[in-house]
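One structure is given here, and the rest of the page talks about it.
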Amino acid sequence: MSAEAMKKVLVVMRHAPYGTFYAFEGLQTLLIMGAYELDLGVAFVDDGVYVITRNQNPKALQVKQVAQTFPALPDFEVHRFYVLEDSLKERGLTLDDLVIQPQVIDRAALAALFEEHAAVLPF
Amino acid sequence: MRFSILVLESPYQRQAADSAYRFARAVLEKGHQIRGIFFYMNGVHNANKYQKPPGERNLGTLWTQLQQEHNLDFVACIAASTWRGMNEDLALPGFRIAGLGQLALMIQESDRLVTFGG
Amino acid sequence: MLYTVNKSPFASPNLERCLQVAPAGSPILLYEDGVYAAAAGTAFEERLHAALQAHPIYALQSDLEARGLSNLVEGVRVITYEDFVDLVIEHNVVPWL
Amino acid sequence: MSAEAMKKVLVVMRHAPYGTFYAFEGLQTLLIMGAYELDLGVAFVDDGVYVITRNQNPKALQVKQVAQTFPALPDFEVHRFYVLEDSLKERGLTLDDLVIQPQVIDRAALAALFEEHAAVLPF
Amino acid sequence: MRFSILVLESPYQRQAADSAYRFARAVLEKGHQIRGIFFYMNGVHNANKYQKPPGERNLGTLWTQLQQEHNLDFVACIAASTWRGMNEDLALPGFRIAGLGQLALMIQESDRLVTFGG
Amino acid sequence: MLYTVNKSPFASPNLERCLQVAPAGSPILLYEDGVYAAAAGTAFEERLHAALQAHPIYALQSDLEARGLSNLVEGVRVITYEDFVDLVIEHNVVPWL
């Protein structure tokens, strides 16, 4: 199937990791759905920006580290990454604090991004 | 128009599963199609055949009736089920247990995906 | 896009965040505990009134009734689940869970 | 056991009804625990004040109405009811909007109430 | 000092059950007593014997080990279990299924009650 | 009383509401996603700084580590689960869930 014919799906991460498992399950969704004919993107919004911060170490919680898998997502056919500028700023974060380098977008660009996608999956 | 629905929460703790059920009913009552309903995360608990809320709507029974009336595709995520102790033996009739790929197929083959969660 | 919000505005910033992103003209649907934002006379009323200048705002009838909310901010449109389906047919959904 | 020797337990309702089942389950707790030797109180705080508003009608949701049971709680040995004044005001509510008439307390009184109780159960 | 613990959430959706487990461990490691742990609302899913998170901590197993090591009283609420499809056959060793009165007894017979929830 | 908060200050008003009720001197424990309130450099830092004038504020080490938070607002005390137990022995708990 040509890229143009592929349906565009946007996973929106809005929950912080570890306190809930939404981020973990959103990640599983990205890992699997890339194998299907879908054009996948992921946007980090609100506390979702905490999903991809550096230095996460949940060893004491005995759960899997979430952030470390994101740099591998292009191998799983996930190539589009976005982060909401205001969400970074509110948390005092910059791209240097993140394990990947998403495209920094403002609110209007996020709204436009939603319009481009056939499905928005919230995690 | 063809819909798919994603359910992320169990019954009886948050309203999401109830809302998803009522939305699904309304889709069908208006004569539209449902390609599938995917139960993910705690949503897999919707499939539990032993749930028995006394004197109230039994969401499991309602789901099974809806599935049977319209021959719908209900999938409880196999990974989420394994984590949470849901399996074929515990599942209500009408639910199958399968992978996230089924959600990908539902999305491909629907005009709309609507998610209900926490 | 149809932006949907299911949390009380007093218990979650979701509606506020959603309103900051939704472009003028985008419809907003309040359901589950989200319908408390539609109640008249609350500390949130002024914010909702401002939002109504930019957006059609809908609230789900069965969720309003469950919670005993009948005195609503003027301009909020009360709809059924079937209307909800129609809105989703007209607009793709951004669930602001 | 004398009232003085009974342990004081405060159920704190902070969630709105129907969107979550915390209020419903907090109510079940009150109904049962009154049968044991506990001195039970219940405080309505934040969205918890919505638990006892009039005119709730969840028939379409096919779930039990929550508010209607509260007036019966004295029969179940629950006699102390409190509501946070600011929580009412923020929601534009007065005692007339409620199915029971709890004692209206301010934040300092709520904090003092916590101090008096051997256990605080959040719902 | 004697503690009781109330758990209101299932494993693998929110951190509450993990936090409750770690808190309970710390109480015992410091030489204090646990009168009981009461699993209420979605907390009853902690007792599910089929839960199997691949390559991670199995909270059900951890609870059972803790119960056996210290002979603790673990109660899954019978009403919450009935609603949610939990029962004796599905429950891990060490969990008993009983009424909310058990929570009342735990409170009566403890110095502290600590609740972990959503 | 020990007031405990497990929600992110950006996703929930719980910490703010809790601070409005907790009398000066009452200890506050941040755990689970509540520990994000302890991070330095955020929009919440000023609020936490003010709260630290009135309350001892604790944050759970394992939850901070999981989330990669090491640069904390000055004055926040990092504690273990065993310290958490000690706090509960010293003070009865108000869980602000």
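For clarity, chains are labelled A, B, C, D, E and F in written order, and residue numbers in each chain start from 1.
Here, contacts are C-beta pairs under 8 Å (C-beta built on N, C-alpha and C of every residue); 3 or more make two chains touch, one makes a residue touch a chain.
None of these values were measured; they are calculated from a predicted model.
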In contact with chain D and chain F alike are the chains C, E
Contact-graph separation of chain A and chain F, given in steps at minimum: 1
More contacting C-beta pairs: A-C or A-E? A-C
Rounded to the nearest whole Å, what is the centre-to-centre distance of chain C and chain E, using the mean of the C-alpha atoms as each centre? 38
With chain centres taken as the means of their Cα atoms, state the distance from chain B to chain E in Å. 28
Geometric centre distance via CA averages, chain C-chain B, whole Å: 25
Residues touching two or more other chains, restricted to chain A: which are they? 18-21, 46, 61, 63, 118-120, 122
Residue ranges of chain B touching at least 2 other chains are 8, 12-13, 15, 41, 112-113, 115, 117-118
Touching two or more other chains, which residues of chain F qualify? 6, 10-11, 32-33, 62, 92-93, 95, 97
Chain pairs that touch, all of them, please. A-B, A-C, A-E, A-F, B-C, B-D, B-E, C-D, C-F, D-E, D-F, E-F
Of all residues in chain D, those that touch chain E in their complex: 7, 9, 20-22, 25, 28-29, 32-33, 35-38, 118-122
Would you mind writing out the residues of chain B in touch with chain D in their complex? 12-15, 18, 55-57
Over in the complex, which chain F residues touch chain A? Could you list them? 6-8, 10-11, 32-33, 36, 39-43, 45, 61-63, 65-68, 70
Name, in rising order, each residue of chain B that touches chain C in their complex. 1, 3, 8, 15-16, 19, 22-23, 25-27, 29-30, 32, 112-118
Note: in the complex, chain E contacts chain B through residues 9-13, 41-42, 45, 48-54, 60, 82-87, 90, 118
